[in-house]
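Just so it is clear, A, B, C and D label the chains in written order, and each chain counts residues from 1 on its own.
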Amino acid sequence: MKDKKEFTAIIAIIIAGIFLPSLMPVYRVQLSELWIFMVFASTWNIQGGKMGYNTFGNILFFGLGMYICASIQISYAFDLAEWTAAGGVKTFVHTVKQYFIGLPLGLLLAGIIPALIAGLLGSLILGLRGHYFAIGTLGIGIAAGEFATSVSIWGGGQGMTVPVWPKVDGQDLEILGGGMNFFYYLSFVLFIITFFVLRWLFSTRFGLILTAIRDNEDKAEAMGVPTMRYKVSGWVVSAFFMGIAGGIYGNINGYIEPTEVAFAGATFGVYMVLMTILGGKGTLWGPIIGALIFQVFKEFFWTFFLGWQLVALGFLIVVIVTFFPEGIMGWLRKNKPEWFGEVIDHKARLAQVKINTDD
Amino acid sequence: MILIQAPFLNLQALLDGLMVGSIFALVAYGMALVWGVMNIINVAQGEYVILGGYITFAVYKLGIHPIYGMPFSFLFLFILGYILYRIIVFRVVDKDMFISILATFGISIMIQQFMNMIFGSQVETALTGFGTIFLFDHNITLALVKVFSFVVSIIGAIAVIYFMKISKLGRAIRATAQNARAARILGVDTEKVYAYTYAINAGLCGLAGSLVAMTYTLHPYIGLPYTVRSFMIVIIAGLGNIPGVLASGLGLGALEEFSAYLIGQEFRIGFIFSLLVIILVYRSKKLAKKREYLK
Amino acid sequence: MKKIIVTFISALALLFSYSTLSFAKVVGDKIVLGAAVSLTGKYATNGEHTQRGYDLGAKIINEAGGVKVGGKTYQLEIQYYDDESNAAKAAALAQRLIEQDGVEYMLGPYGSGLTIAIAPVTEKFGVPMVEANGASRALFTKGYKYLFAVLNSADQYLNSAVDLMAEKKKNATVAMAFEQDAFSLDVKLGVMDRVKANGMKVVIDDALPKELNDMTATLQKVKALKPDLLIVSGHSKGAMTGVKQITDLKVDVPMIAMTHCDAAAINKNLGGGGDYVLCAAQWHKSLAYKDSFFGSGKDYAKLFESIYKYDPPYQAAESSAALLVYKEAFERANSFDKDKVRDALAQTDMQTFYGPIKFNAAGQNTSKPMVLFQVQDGKNNVVAPVKWAEAKLIYPIPKWSDR
Amino acid sequence: MTNILEVKNVSKFFGGVRANEDISLSIKQGSIVALIGPNGSGKTTLFNSIVGTHPIDTGSIKFEDKELSKMLVHEIPPLGLLRTFQQTKIYGQMSCMMNMKISKKVSNNYFKMFDTLPKELDDEAELILSFVGLYEKRNLRAGELSFGQQKLLELAMALMNEPKMLMLDEPTAGINPTLINGIIDRLIKINEKYNITLFVIEHNMRVVMNLAEHIFCMAHGKMLADGKPEEIKNDKRVIDAYLGAH
């Protein structure tokens, strides 16, 4: 894609990201969700799009991140078990200091631990190919949720609450306009970082090899590429950002529940795939556009199709995957290849191969 | 450990397991069929089952004995399957399998919602009034309805196998499964074969569903476990291995029943999925030694 | 690339266009209450009971002249969203009702799990929420200021059943099967207290999965260990599956206690299989409570049945009661300021067809006892507390061989 | 001259089928060697065994005195031994240039993964593409090329990787006959200019005879004969088993 256009797009997004909450404060939740979704899609795209490994398991890292972050935030100040045990008869309140040391700590570990787990699991799971990989990861995602239901330190099926935004003498602390704004900007920043990291990653040899793996893994191996190393590294990157996204989302939602909030394979786990496909697999911008459109549709359904929203969603899914399997960017690439730096001159197509032996 | 305190429970668990397993096996047939022939993983499997159950339940509500619901369930789902194929599924047959997974997922949540609207989300069940049989002076208890469903699913299974062997359509399906292009060249109308394969799958699910309605309880959102298990069964058995499907279906049922005693029922799904992953990884590792991978 | 920017802009435009939809807490002569209930998903049955309860409450109050505030009468209107029985959605929708739709008075969702998910939100925005279906004890230990529950907390549901057992038999043995969710786990807490207090012995303690449709394993254990009391709690699924399979397997237990029997209508749907089961209920139509809107419980039941064609489960009754609480509070506060309303709610002390309602500091209705009824040939007859008992407890449950 | 590749008593069974049975051969540094034999005689299996696509049952394979038979597929090319495929394998969605550039050999250092491709790669890639005659097509998606052109691209990609020895599986199959002389010339140049040892499976005897200085002939999974082209041409067994078929 032409640099100038990309540049304008980036600027547009950054400006939007900074000013939207003040333009429409009442939509901050959906907006933060939008940025989170963009992170979902962009990171899923590393496997599903670039590498051709369709995973349903990335939700695992999201959920882990969510639980880890919350646990750290709490246990930095209090006893976690006491906190989760039936809500605890006494009420816990974080001081400003406790809160703002616990949170970054939590977010950091929420990124690192899932990344490590991805590294360990990766070498096992990424040995699977095609739909076996899809099913295997699906298994991991759901199993994680089911087992989290019985981790009592996390409140098991009860779920657990997340520390509330600290109060200074009764009033919500005013940083960046209170908790909601704070986490909005947090998710926004996370997205921006993710975006630039991926943008750089895809421009390096790494990104190209991922595409090579998608196109023909055997060939890559035969050319001496240690593909497993690339695949695992890719998953680690996804896990890292998904984990942090989870940590943030947990704080936005205020309440964590194993199978519906954290390891929500049936909702988020599927959304991230749809968003990417809708926008266009394997492109940097596809997932972002996909997420944007998807989120708008989703909110739209909730508002106007009360009780029918899932039917509408199901219908949307079917339409997307049957009619636009290559997504918006795919469509563009077909019709506007020059935007993707692909010179299509028919001279080249028709040109005969000639080898002049006299040189 | 309860299984040791009451040794008869082992036999009991085994029998219960086999009976549950037989229903799973029936559902798994359909999946194996569709997977093998059309290279599609049908995620809507579970919803077809539940829908089939509701058809039987509707019949039961009319005051007719639920066993007469079975043919209705089968036919209704058969037709539905055929229609769905003609509208949606045929678009994803030749596409990447992942696409088909998503498409059928879309179908499944739509069906869930429609069931919720039509039948309500009340937990329902159809009573057969079949009695209970006791063996070994009341140490073993079997609900006759389970025995009944066991028998039906076994018969259903055998029927499928024979259908595949004998009937013209069955042979066409097998041919297509082996090599669609060759079949086409030999004048098999693969489109038709696909459509009927998918319809038969749905029909089988319907039949299984009507057994579920009589044996267990129905709820619009309880479909997933059936889909999951049929995955498992087919993967363990391997594609195009119909007798294997029966075996692994029964095996899984028993295994699951024991896991319910040993590690607790709340882990059933978690257990199944972990098992799925472990099996996949194990098999891929074994192949990796031969420098190959699961295809 | 242009296309992308265009999409982006147009998307924003769409997002903006929502804000025109949102409307304020009081429009013209309408007071808007917000509620996210489960119209779909695993709680949809009870979500529906809840919604119907709310609707009926609003209907009756409006027909009786609505709510009088500052000499002007207002109609109650409820804005619903569907939380799909999903905690994440519930929380998001609460945010949405309050922020986008400007709702300032919330009604609770169905179920403890979802109420737990919503409570932090209403608390954050200081919006009062009168909830009728969140029984988990966890709700009342967090020091929430804006949460008011008209129902008894879950840890009281089956206590009286355990006590009954204790009366009948010294150091009896107990088998338990609880779903792994906020509500059932709390029921368990209460039960465990009583079990300890009465020096009973727990022989089976099973956890049921969320996608529950088979509990053969538990029941087979019960057959093997022959406990005196079997307790099952897993919403309607649990009650239905439990009774169905107890019937199929002819499990003989002297006493069986469950929750959600009436929501699952086990007395009708299971051809006598549900007989003799003890059921915990927040309310029962036979109770002699009265108020000026619905009259007695029986009248409420009649009215409900005439509209929705089935006997009202307590989930509906308590939901209707929530509306009465709001009306009364509005009129005492005589203002729409949400904090004034909140204080008025805190002082609530009223009689309804559903029972007396008076909140303690934690916002919990303590003045109303739970009731326990037993299914006796297809009818739900209250057997405890003795004060309300219509019929004698049948104990032990006759063996299947004699039924 | 030293032997660059030493294959000793290699056997490979697929179930009951003997794909390779007790194969031994050695290839001199810098030579061009051909491997001929009827279809299904186990030529490609031997190639696969050498580059580790499937493990061998018995025997040993040494490349520059390093034992290959226990190595994984991706560990072998860095040693300088590369193969092309009978059914072409290329990265269909990427442009030919990209195909070339990512074929460049890199050190095994982990962080090399995250290098951006240096500019000068373009010149090198273009040079090699024009060497095999694909220059005009460098910006097309590799998937759009014809089978023969993909063969050439694969050859080019292999050269990009700067191997010491190159194993070509039917390099002229599917290639426009008018080009064959060109290919032969190129292969010889590759051998001389870049001093790359060539090991070629080929059915086209004209190519073989013009190219190879030593020929191995396989039949039914066994090594039938080997020797100078002239000897092979007149070898009775070879004529019966293979050439006779012409």
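Just so we're on the same page, a residue touches a chain if its C-beta (ideal position, glycine included) is under 8 Å from a C-beta of that chain, and two chains touch if they have at least 3 such contacts.
All figures in this text were calculated on a predicted structure; none of them were measured in a lab.
Participant: Can you list every chain in contact with both chain A and chain B?
Facilitator: C, D
Participant: Measuring centre to centre, with centres taken as mean CA positions, what chain is farthest from chain D?
Facilitator: Farthest by centroid: C.
Participant: Which one of the chains is closest to the middle, using the mean of its C-alpha atoms?
Facilitator: Per-chain C-alpha centroids compared to the overall one single out A.
Participant: In whole angstrom, how far does the Cα centroid of chain A sit from the Cα centroid of chain D?
Facilitator: 43
Participant: Which whole number of Å gives the spacing of the CA centres of chain C and chain D?
Facilitator: Here the centre of chain D sits 74 Å away from the centre of chain C.
Participant: Calculate how many whole Å lie between the centre of chain A and the centre of chain C, each centre taken as the average of the chain's C-alpha atoms.
Facilitator: Their C-alpha centroids are separated by 36 Å.
Participant: For chain B, which residues are shared contacts with two or more other chains?
Facilitator: In chain B, the residues touching two or more other chains are 112-113, 266-267, 269.
Participant: List, in ascending order, every residue of chain A touching at least 2 other chains.
Facilitator: 146, 149-150, 307, 310
Participant: Out of chain D, which residues touch more than one other chain, so two or more?
Facilitator: In chain D, 53, 73 touch at least two other chains.
Participant: Going by the touch rule stated at the top, which chains touch which?
Facilitator: A-B, A-C, A-D, B-C, B-D
Participant: Which of the residues in chain A come into contact with chain D in the complex?
Facilitator: 201, 203-206, 208-209, 211-212, 214-216, 218-227, 229-230, 233, 342-345, 347-349, 351, 353-357
Participant: Which stretch or stretches of chain C touch chain A in the complex?
Facilitator: Touch residues, chain C against chain A: 1-5, 7-8, 11-12, 14-16, 18-19, 21-22, 39-40, 80-82, 84, 86-88, 91-93, 95-96, 99-100, 113, 116-117, 120-121, 123-124, 136-139, 141-143, 179-182, 185-186, 189, 207, 209-210.
Participant: What part of chain A is in contact with chain C in the complex they form?
Facilitator: 1-2, 5-6, 8-9, 12-13, 16, 20, 24-30, 33, 86-89, 91, 146, 149-150, 156-159, 161, 164-165, 179, 253-255, 257, 259-261, 264, 267, 285, 289, 292-293, 296, 299-300, 302-303, 306-307, 309-310, 328, 332, 339
Participant: Hey, which residues of chain B end up touching chain D in the complex?
Facilitator: For chain B paired with chain D, touching residues are 289-292.
Participant: Please give the residue numbers of chain C that touch chain B in the complex, ascending.
Facilitator: For chain C paired with chain B, touching residues are 40-42, 44-45, 47-48, 180, 206-209, 211, 213-218, 220-221, 223-225, 236-237, 239-241, 244-245, 248-250, 264-265, 269-271, 273.
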